[in-house]
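In what follows, chain A forms one complex with chain B and a second complex with chain C.
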Partner chain A sequence: MTRTSSLMLLTVAAALLLAALPLVLPPFYVRVGQLMLYSAGLGVAWAILGGFAGYASFGHAAFIGVGAFSAGLVETRLGGVPPALLLPIGIVVGGACCGVLSALIAYPVLRLRGTFFAIAMLGVSNVCAELTNNVDFFEGSLGLTFPSVVPAGLDPAIFFYELFLVASLAVLLIAWKIRDSRFGAGLLSIREDEDTARMLGVPTERYKRTAFVVSAILTGTLGVIYGHSLGYITTDSVYRNDTNLNLIVYSLLGGMGTLFGPVIGAFSLVFITQVILGRLLDFHLFATGLLLAFLVLAAPGGVIGLVRGWRQRRRRSGAAPAE
Partner chain B sequence: MNLIAQTLADGMVLGGIYALAAVGFSLIFGVLHVINLSHGILVLIGAYLALIFTELLHVDPLLTMPLVMAALFGVGYAYQRLLIQRAVDSSPIGSMLLTFGVALMLQNVMIWVFSPDMKNITPGWAFASFKIGAVTFDAVRVSALLASLVLLSCLAALLKFSALGRVIRATAQQTLAARLCGVNVRHVYALTFAVSAAFAGAAGIVIGIILPFSPHDEATWTLNAFVVVVLGGVGSPAGALIGGLLLGVVNTLTAQYIGPSFPNVTMFLLLVLLLLVRPNGLLGNAFSASR
Partner chain C sequence: MSETPILQVERLSKSFRGLAAIADVSFAIAPGSITSIIGPNGAGKSTLFNLVTGYLVPTAGEVTFRGRRITRLATNRIAELGIARAFQIARPFRELSVSENVRIGALFGKTGPRDVAATTARGMALASIAHLADEPANSLTVGQLRHLEIARAIATRADLLLADEPCAGLNPTETAAMIDVLRQIRASGVTVVLVEHDMPSVMEVSDRILVLDAGRLIADGPPQAVSQDAKVIAAYLGTPDE
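Right, the complex of A and B next:
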């Protein structure tokens, strides 16, 4: 109990600190910060299904794209609405579309397990991307311009930074609540052994589907904000296969199945790729691949796994002389 | 009528090549239960090696096939022994991500070495063609198809009749039982990977003859292989052939009758539908990992 509440306090303090940061940071780092917060939010939303329940999706970019495009298509048709209302409307529309889409495909897709689920989701993401690109109504190949929602007098970079911060914090808190609930325990039991969980009376089908829909809605919401922060999107800027991959890598890097793992993973990966490797574009793919291979072979538990293992070893060596 | 016949014929030719490009992926999937996302890279390495050998030796690209296959056989064996083996027994996602990491690195290396530009190894007789009835065939495409059919038959015979094939099939069916009977499973895994890499290399040559290629194509060939395997079923050359032909025909029919930008849509729709309706593929033996 005390550990959870102190962690909660720490999170709030960190969030307040992050909220104050753009006042002192140079503009480039505000952009990097936006990307970090956005990625962390996506990573946590992905982990509700992929980390807790063990259903690693390889196609969550589908929901980013569906969210951003549905919101954009609706917003551009609302001429007379005041700009302050546009973003909330967009978020509701984007979230609803992702919710409906995920609820529709949840039943068939979640019958598959492991890699088959991952690849089926990749297929879903690619079908959505190709349809957006090729059906004229969606304007995917031409591109879609979002109406501006930034209040007058505010720097757009800082505005979106704070928006991403709020959204990602909300996602984190939702995931936190889920993990500490009966529902979350059910998801963990699915990850550990789905058949046994089912035999013991856990409503695995319902839990999986709920987790999938929640994860999709949160991802879609972040996608809507991301679309606004870009201002102009095409199919290629939201349905990105590297996003599909990165969402797995965030959890893998931070610690698969943990709450803060994706946050740690997203922060460090975005920092590495944007700041350290920013000038070495030729080296980018190679470094990502190397990191991926290293993680799988040497640190399958991620950063949190390493820390936990180290603590356990220390505790054990500390306890040994006393006996 | 002519148009349909021509479209179907083109689809079949394309499908034969898809089948050859996918058969190695299918074999690894069936025996090691690893989704090899670096398969497309192996295909491209084959194409680039053929490019190098053709320029060095001044021979027809198809004649470089033994050299390329031998080289990739070695590469595949080492790759499995040194890297994949460490991840085989971990989670399926783990080994999949490992191969993806390798694919990213190798793609980057290929961009450094060969430049990101399109290359091709089209031979001198590329523009010859002949007619059967009203249907036109390009000589180069037909020879590519023939090469892939011959290679697929060889692989089928190898798996069916040779001692190595028997051991590979045994390992695929019951790894534990095979080990108890004295099969060196690690060695068999590595040999399977080597055979699969050799066939990927051969596919690379065949693809290079009919299409230009660049380091960015690797994802296309990996995905194609995956779709073919899902369509046809895991672990058998016959399944790969059925899946490949089906994919080729569906692709050309969609491009002809719905629109040139739609083959990807139908391909992925087909993939998702088949995963849902029949996860073991049209000719597949059931594999339990899917559900």
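Right, the complex of A and C next:
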């Protein structure tokens, strides 16, 4: 069995286990599970651009907000549509709006690299938040109530838990497919050295824009589900600067540029902040910052980097001749 | 020149804020040849490569590859047509292994049907680094990095390789190995253009030498003739101390 097949099998087994967990978990942990799955999906969607192509965005909350608000605004105006259809419509609308927005801003922002790109994206996130808050049409300051889409008889917490699981799994599979493709290899080469990649024939501009749009659509789609899970959203609940920070931390914690790194990072960080530090109010923000500083200094490759390093050392010591 | 040139440069010029880096340079490269471009530092050799590969846009003049104008094409489009470049300072993808580096070249480069695994293996074999396939690029020596640079460029299935100082910083043994690699690449059907300072290597490997000085082409001919050219001696080679 190849390494990819083993990983795929392990992922399916983990997904089945995660799907069954709400049946035995207390309600608080189902909510934590929701947040873990949502964060993992966001982390992987972010990593398509930030991890694979090396364009670390510091403003992906823009797409969570645009996705959630555009879907909410459309859904609240569709009075006669059955609830079962509202969520799919919302996902299409939210994803499409994020796709259009990202395609429009891709050309100017992706001309920037490194810190400049990150800060430009923070600007995009703040501009979107301000527009949502101050233009009456968007209802960002008053708030927007989503119509209920939870089927009768189902616990909303469990429904959204399973929905986040399916969505995040879909994001993971899309990212997996991208990483193993020619497109993924091209993104990797852009991350390593964009000028050299271009010299080898990689269509760097087209690839960066495509990765940006795909990442934005997937983030927006998760934003739509997040909006529904909250039921009522304001500007502050979706355009969150701590989310902008956390998306970077997930990859740093798990392993920058890897497929499963953001999943490991998101699960770990949500568990630490919600369960271990959950009673300490905003102390988790301090903990996130501290963790980020520690990771950059001590383990720049994240958990996966540490495991790979340990494996390499083990292989080398195994290959060394016996004394 | 009886054969249709693979690369033709016509009256090419490039100025940076009025300062001419390349001035009215014209030449043609025959397919299957090894041509070296020499000249003092600042003569415009690397600028010439940058213009041919689309990294810079010329102020005037045309570059034609296999009869097609490529003067204002994007760098990646030029690579798709079959021109590859190995950099003066090796620029490997440091987080990837040797074979992964070469595989990127095989996945992209010249358009057309491709067998990525076979092309990757061929690139590494031609550059004599097949034994390093699984080594991380960031663990290679300077000499090995230069071979990797060549392997990755060859894996693009290029018809024309532009190699910028492939022997720079190499010891005599490594230089001999690099010359051997360049000859094998030519034997495989790839046309090679070198920028090189190491004159013994240039004299040994080249069919023809172009000499640039202050952005102008001052000599063009077979190695023996160029080495005795008075303008070349004055501008670059100098006279041996008796």
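Odds and ends about this structure:
As a working rule, the second predicted complex is superposed on the first by the 318 of 323 C-alpha atoms of A that agree within 3 Å, B and C clash if a C-alpha of one lies under 4 Å from a C-alpha of the other, contacts with A are read in each partner's own complex, and residues count from 1 in each chain.
As a working rule, a residue touches a chain if its C-beta (ideal position, glycine included) is under 8 Å from a C-beta of that chain, and two chains touch if they have at least 3 such contacts.
What you are looking at is a predicted structure, and each value in this text was computed from that prediction instead of being measured.
Contacts of A:L25 after superposition: neither chain B nor chain C is touched. Judged by the number of chain A residues each one touches, B leads among chain B and chain C.
By the touch criterion stated above, A:A120 is placed in contact with chain B alone, chain C being left untouched. In the superposed pair of complexes, A:R111 makes contact with chain B only, with no contact to chain C. Residue contacts after overlaying the shared chain place A:L173 against neither chain B nor chain C. Contacts of A:S189 after superposition: chain C is touched, whereas chain B is not reached. In the superposed pair of complexes, A:M199 makes contact with chain C only, with no contact to chain B.
Shared contact residues of chain A, touching chain B in one structure and chain C in the other, are absent.
Chain A meets chain C in the complex at residues 182, 185-186, 188-189, 192-193, 195-204, 257. Contact residues on chain B toward chain A in their complex (touch as defined above): 35, 83, 86-87, 90-98, 100-109, 111-112, 219, 226, 230, 259, 261-262, 264-265, 268-269, 271-272, 275-276, 279, 289-291. Within the complex formed with chain A, the chain C residues making contact are 53, 55, 74-76, 79-80, 84-85, 87, 91, 93-96, 103-105, 107-110, 152-153, 156. Contacts from chain A toward chain B in the complex involve residues 56, 108-109, 111-116, 118-120, 123-124, 126-127, 130-131, 133-134, 241, 245, 248-249, 252, 282-286, 288-297, 300.
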